[in-house]
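Would you mind keeping the following structure in view while I ask a few things?
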Amino acid sequence: MNKTVVYHVRVEFGDCDPARIVWFPNFFRWIDAASRHFFLACGVPPWHEKEQSIGLIGTPLVDTQASFVRTASYGDALQIHVCISEWRNKSFVQRYQVMRGEEEIMHCNEVRIFAAAKEGGGIRALPIPEDIRARCS
Amino acid sequence: MNKTVVYHVRVEFGDCDPARIVWFPNFFRWIDAASRHFFLACGVPPWHEKEQSIGLIGTPLVDTQASFVRTASYGDALQIHVCISEWRNKSFVQRYQVMRGEEEIMHCNEVRIFAAAKEGGGIRALPIPEDIRARCS
Amino acid sequence: MNKTVVYHVRVEFGDCDPARIVWFPNFFRWIDAASRHFFLACGVPPWHEKEQSIGLIGTPLVDTQASFVRTASYGDALQIHVCISEWRNKSFVQRYQVMRGEEEIMHCNEVRIFAAAKEGGGIRALPIPEDIRARCS
Amino acid sequence: MNKTVVYHVRVEFGDCDPARIVWFPNFFRWIDAASRHFFLACGVPPWHEKEQSIGLIGTPLVDTQASFVRTASYGDALQIHVCISEWRNKSFVQRYQVMRGEEEIMHCNEVRIFAAAKEGGGIRALPIPEDIRARCS
């Protein structure tokens, strides 16, 4: 079993579009927050501390696949269940299931990297930090 | 060959995160705009007109798959190449390639539906409107 | 004393810009959510219920004045203190103080209206609903 | 007469809320982009170049005052007229008028500073760079 953390979201009026449902880019906004929250909840220091030690500035996305199952609207309370389902050499797979109580709203699988700044601009992938892997598995 | 439309984006300071690159949910914001722009550029009336005639309120996303190839930052001018690569009974596949001149930044395949409001709230999928299909192929 | 409600915000990585501080439009995003939350916390039904009864669709902004006192960054927990400081005929003044514990981050005074849809598009101001005023004072 | 620059915005579906009008924080998103665009259009180098030379990382907001005159919705083309109306010692006043052709949608007066990173985090105000003032007046 993978360690799983739940991130809570309140859907607000401004998160919804003229069709009165959540405008989908907002799901990715919440998923990105849930991703970072997962690491914090597992006891990993925030990126600005890891930047001092190993140059880590964040976990940018390489690949994402998402399915939208039900719509959500303002007033809804959502729970995002997050885990890391796979560790690769320089990347990892992070999974999200967005629930409204018992109902699935959407789910998402991401490939992310641990990134450091590259000289001259841009970013590069770090090898998976072992301490992070240990805390998050 | 599928009809292809190009949507232009300027990357702004506020689109970028503390890693100084585009925060990825913003790509989905632009892709959603590029999706709607595609229909307008093909001569399809805006949704609020189609709502009067056939109840169409938008084209919500069912499924998306995206790959991030290069980072972009503020000051960049991006071109999003959009086409519809497949028509199904009640859904269609819309493709996006986000370019910075000759360089690919990311690409994305979406499954979307033509949606109408459902009584009591929520949305339902309409059959593919033939006039829209004809204009966009 | 005006009735005051506190709305809680976690600042996320994606809320911050390349200067590593909250990108200011996000404060207005939170303030708008805090505005709506204020009404709910005072026992006012959500707008989609008020729309059925009196046509109310939201409380759009007429005027806003905001001062930014300190910067905030990701990882911060913010508290937004909200009250209505003045009732006019067809508008009201809503006040916000955004705190990080004892430190003030920003404050804001807004003039808002209770809006209904106008025939042919756009919105119009409703007279202040007495039941809402009673609950929120 | 102050030098004036016009920034163009297309209002998108996702910029609008369930009331079918632009969700107001988006105006501040556009205004922030218009602010930066103003400097570029006046011939000021982008902030990441000014950071190398004088440590300038952006022009964060100190104070803003905005009035919303008319609503806008998706499909609208907006023009944001920008100028700097006042120069102070360590701040300046930037003015915005958002038009839809001949109709005013909103206007806004901001106090901003030229900011550098402060040791230990946070930002500090730089004196007005004379070369920037000369180009923008």
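In this document, chain identifiers A, B, C and D correspond to the written order of the chains, with residue numbering beginning at 1 in each.
Going forward, a contact is a pair of C-beta atoms (placed from the backbone, for glycine too) under 8 Å apart; a residue touches a chain by one contact, two chains touch by 3 or more.
Please read these numbers as outputs of a predicted model, since none were measured by experiment.
Peer 1: Among the chain pairs A-B, A-D or A-C, which one reproduces the interface of B-C, with more than half of its contact pairs identical by residue number?
Peer 2: Over half of the B-C contact pairs recur in A-D.
Peer 1: Counting only C-alpha atoms to place each centre, which chain is farthest from chain C?
Peer 2: Greatest centre separation from chain C goes to chain B.
Peer 1: B-D versus A-D: which has more C-beta pairs touching?
Peer 2: B-D
Peer 1: Which whole number of Å gives the spacing of the CA centres of chain C and chain D?
Peer 2: Those two chain centres are 23 Å apart.
Peer 1: Which whole number of Å gives the spacing of the CA centres of chain A and chain D?
Peer 2: Roughly 31 Å, centre to centre.
Peer 1: Please report how many Å separate the Cα centroid of chain B from that of chain D, as a whole number.
Peer 2: Their C-alpha centroids are separated by 28 Å.
Peer 1: Show the residues in chain D shared as contacts by 2 or more other chains, in ascending order.
Peer 2: Residue numbers touching two or more other chains: 13-14, 17-18, 20, 23, 25, 29, 32, 58, 74.
Peer 1: Within the complex, which stretch of chain D touches chain A?
Peer 2: 13-14, 16-18, 20, 23, 25, 74
Peer 1: Per the contact definition, I'd like the list of chain B residues that touch chain D in the complex.
Peer 2: So the residues of chain B touching chain D come out as 10, 12-14, 20, 29, 32-33, 36, 46-48, 58, 74-75.
Peer 1: Quick check: in the complex, which residue numbers of chain D touch chain C?
Peer 2: Residues 17-21, 23-26, 28-29, 32, 57-58, 60-68, 71, 73, 115, 117, 121-123.
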